[in-house]
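In the two complexes that follow, subunit A is the common piece, with subunit B as its partner first and subunit C second.
Coming up: the complex of A and B.
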């Protein structure tokens, strides 16, 4: 009850957002906005959860997309398995959803236990190294994952509770509800004591230790939660594409997620989400006019990083005087 | 997944063992050159060059083009190293030095963008296909016979040359004036610049040296590996594993760790091909858990 009263405002914003997203689903006939929004839900969760590490806790991970990919692959593989489907029948989707998140949680706890003790530079590089390890497993374990072709053949989407995920409207509403729940969860964590502990650790780890915070444990919990939220992003993507692809685990995916955060700004809670939308738009525009997307994206990143030296959103807000320096 | 019979058979035959050992040493020595550049830059500038693999790639492509024109392997290796070094100094001065001392997020993004740009430029200039340089004419000689195994002269040359370059680098850092200035600047750069030494110049030169080491590794590897845009990233991850095992900042540590990894790769490819990457990461994880500073660096982890 206390959580409810404390976060009344956030919860009502969340309810309002769900309603708004559902209305879009019902009243927009054209498939493009829904498809665009689902990809924003998916990559938005990747960026938002990465910002829980970078923005809240000061842990700069360069390998966050690994958990996105792991969630997606686990979900897809479970729903491709005959015995899994016969065992759980109509509940398959729900069970697969939670099992995939759980698997990612276990994996990230192992990686986190090795990485979170280390200093900033080591942490960034090690998370990257472990992501590339997952990538090489995905690419070389062809019999299970389909190798560099990705998980082909589509996934089963049995109807549950009257929700049919092969229907694009049902799928869209399902994804938007999950998305908003995850964002609300991140918001509550950010505003709770846990979030304050994370910020204290970010700003002064020694002081946090003196105040009796178990730094290692708090950081590890943060790492695991962020990874699990990222895996939800992967699950949404798997539902959407009806497959899973090794590019999700490639290092550029993590680089992109970092740039999303940078674009939106790490100091604003919903900044990464804005960054996700911006990067998607940039990508689409660049792809329209040039076949050398990487070159152009790279130059844009250089301009933003070396020219503005902060997120585009933060820069604009400061220029217009809404956000104080 | 595991085929220990094949492994035992291979080590039962001297010829197979010799072949695996030489190929392990080749992988290890090339890895050592890349990793020593990475560890050198980290030791002095305290930045991790996430774009280090790019210079390996650039070195290889420069060497390939030089070889097409001159047909001289040694000259092309030299051009590869020089080109990567100059490119590295450019990268340091124009881009990465702007974010020294800033949030690591900025450094990551600069490197990420730099890798994207150079990979795409390489695609534009040399195309997206795999390129093979082939064994250079100078080394089309009869192989040495050692214990019934055949060792091509090129392989022997690569191993010895890499070792010589490694020793020269250690001497350069520990014995020369350049080395002492750089080491002093790493300890206390305001003090060194107060003595009238242009610290940024030395930092740029050192960065260039590190990139040249990656470049010469790429150039030397050109005849034995195929060239492709994005080839630098794999070696970046491996050379990072090397520096973690050997200890960040230690060149001798990098040498031993690189040989361990090289042998793991070549022996693993006979006995457990699918588990080679896994074993490399396992070794790294074990070192990190029990000795986070790496095997050859004393003191406590930062």
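Coming up: the complex of A and C.
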């Protein structure tokens, strides 16, 4: 049986989701839902890809947002470069998209080769250290990155295949399709042989080795793929804001992604995505009434984590009996 | 044939393996006995690549396999089960076996091949049948009994289709009845798969009943090697380990 037939259900769900998202795009006039959803696509990919490390493989990274930022900056810088735009013309967006993912892939392979040999807290701190390294490069290399002002001046969005990304509907649809493809990719990886190798490593790395699993290699592949998916999140954010900002590479951005995962739940595939929606909603609502967003979101997360001792999705599924303990 | 020669390993001041030379002929069933801390588990760790040897050699059919990585030793056909059962708490029994079969088939790094494939499930079912664990197929590993975990641990080692199977105290922590059932299982698998089987065991009744050869370790050194009869009558072994009033069946 081919991959396609065995993943038929997931592929169908993905197709329906794309259709549904496109319908929202066409029928909802107000810009808020679309803008909100684009931010969900972006940060959702960050959280979902981080959960590929944490939930699938048991590798708790504190520095995952670095790859989100790198993707965003690479994409933005390419589309600000005159020579790049003249070289690739109408294909600029597509080329910049893949080149940014590729650059992130290379960078994460180097970082990963150093980090994934370490376990637990050492892995966590080393990934954090590399993230802070990237942050300081972004902030101090003012001539290239605009320093702490961020990448200003907007990015070019040449029309390709009739798609005009400066048009908000086109942009929204483009981002939904990319988002769903990435989520489907994560889903397939989770259910594949590779996904089960990750489970073996998560549950018992030593024994996995005694089953002949190449632990280092599998972890490194996982790290690189997760980083590349995170970079797509950054690319979407750059498309949306027409810029890139150093906060994306700051450690709090990785912390927020961990919060999203904790809110939604680590063990349910779409848990982190629900967590993303919740955290963005909480953020937006609290911002309307108070300037202490961090404080309020912090308290809510504490209630969920300490009160439920699991993610919200996990809690609800257990309560309703869908998920057995 | 697996042979080790002049194997040494120390941890700081503790000499855990002291110049041990041993042979395990193809298809044999041997046991390793000795008091706690004698270096039995360490010997297994050295053979299977979990620990690096200080000096000495491990050879499999005249090929030097000293200090190869665990994976490469597994690929050579040596696999092991652990003293404390060492499994995957969040997977079901069947998924656990499917995973190790997947690894044996060299499919562990296939990114887009669905794990739940018919061929793999059938292979796992076959193994479940052999292990007599069908009834537990869909139970999460952390929820099965201690004894079943030990059997599953052995099943994992077995799923890799080894030539040599090493079991570290397979009956530890079991009641008498469960023990003998385990012994039956081990003997059955040994015959069925034509394995070279090496096991560490504390229950002398079991050791003397099923071993073809017994190796006695003490303070990291080999005290004696021989058939059950020879070991039973070895003065040194009686004094050092079995005790005066030892009466084997």
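Methods note: the second predicted complex is superposed on the first by the 324 of 325 C-alpha atoms of A that agree within 3 Å, B and C clash if a C-alpha of one lies under 4 Å from a C-alpha of the other, contacts with A are read in each partner's own complex, and residues count from 1 in each chain.
By definition in this document, contacts are C-beta pairs under 8 Å (C-beta built on N, C-alpha and C of every residue); 3 or more make two chains touch, one makes a residue touch a chain.
The model shown is predicted, which means the values in this text are computed figures rather than measured ones.
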{"item": "Winner by number of subunit A residues touched, once subunit B and subunit C are compared", "value": "B"}
{"item": "Partner chain in contact with A:82 - subunit B first, subunit C second, else both or neither", "value": "neither"}
{"item": "Subunit B versus subunit C as contact partner of A:29, first or second or both or neither", "value": "neither"}
{"item": "Contacts of A:217 with subunit B and subunit C, given as first, second, both or neither", "value": "second"}
{"item": "First, second, both or neither for A:125, with subunit B first and subunit C second", "value": "first"}
{"item": "Which of subunit B and subunit C A:262 touches, first, second, both or neither", "value": "first"}
{"item": "Subunit B versus subunit C as contact partner of A:136, first or second or both or neither", "value": "first"}
{"item": "Subunit B versus subunit C as contact partner of A:301, first or second or both or neither", "value": "first"}
{"item": "On subunit A, positions contacted by subunit B and by subunit C", "value": "none"}
{"item": "Touch list for subunit B against partner subunit A, complex", "value": "42, 47-48, 50, 95, 98-99, 103-106, 108-110, 112-117, 119-121, 123-124, 233-234, 237, 240-241, 244, 274, 277-278, 281, 284-285, 288-289, 292, 301-302"}
{"item": "Residues of subunit A that touch subunit C when the two form their complex", "value": "1, 3, 6-7, 188-189, 191-197, 199-200, 202-204, 206-207, 209-214, 217-218, 221"}
{"item": "Residues on subunit C engaged by subunit A in the complex (per definition of touch)", "value": "48, 50, 70-71, 74-75, 79-80, 82, 86-91, 95, 98-100, 102-104, 107-118, 156-157, 160"}
{"item": "Subunit A residues touching subunit B - in the complex, by the definition given at the top", "value": "54, 60, 62, 114, 117-122, 124-126, 128-130, 132-133, 136-137, 140-141, 251-252, 255, 258-259, 261-262, 266, 292, 294-295, 297-299, 301-302, 305-306, 309"}
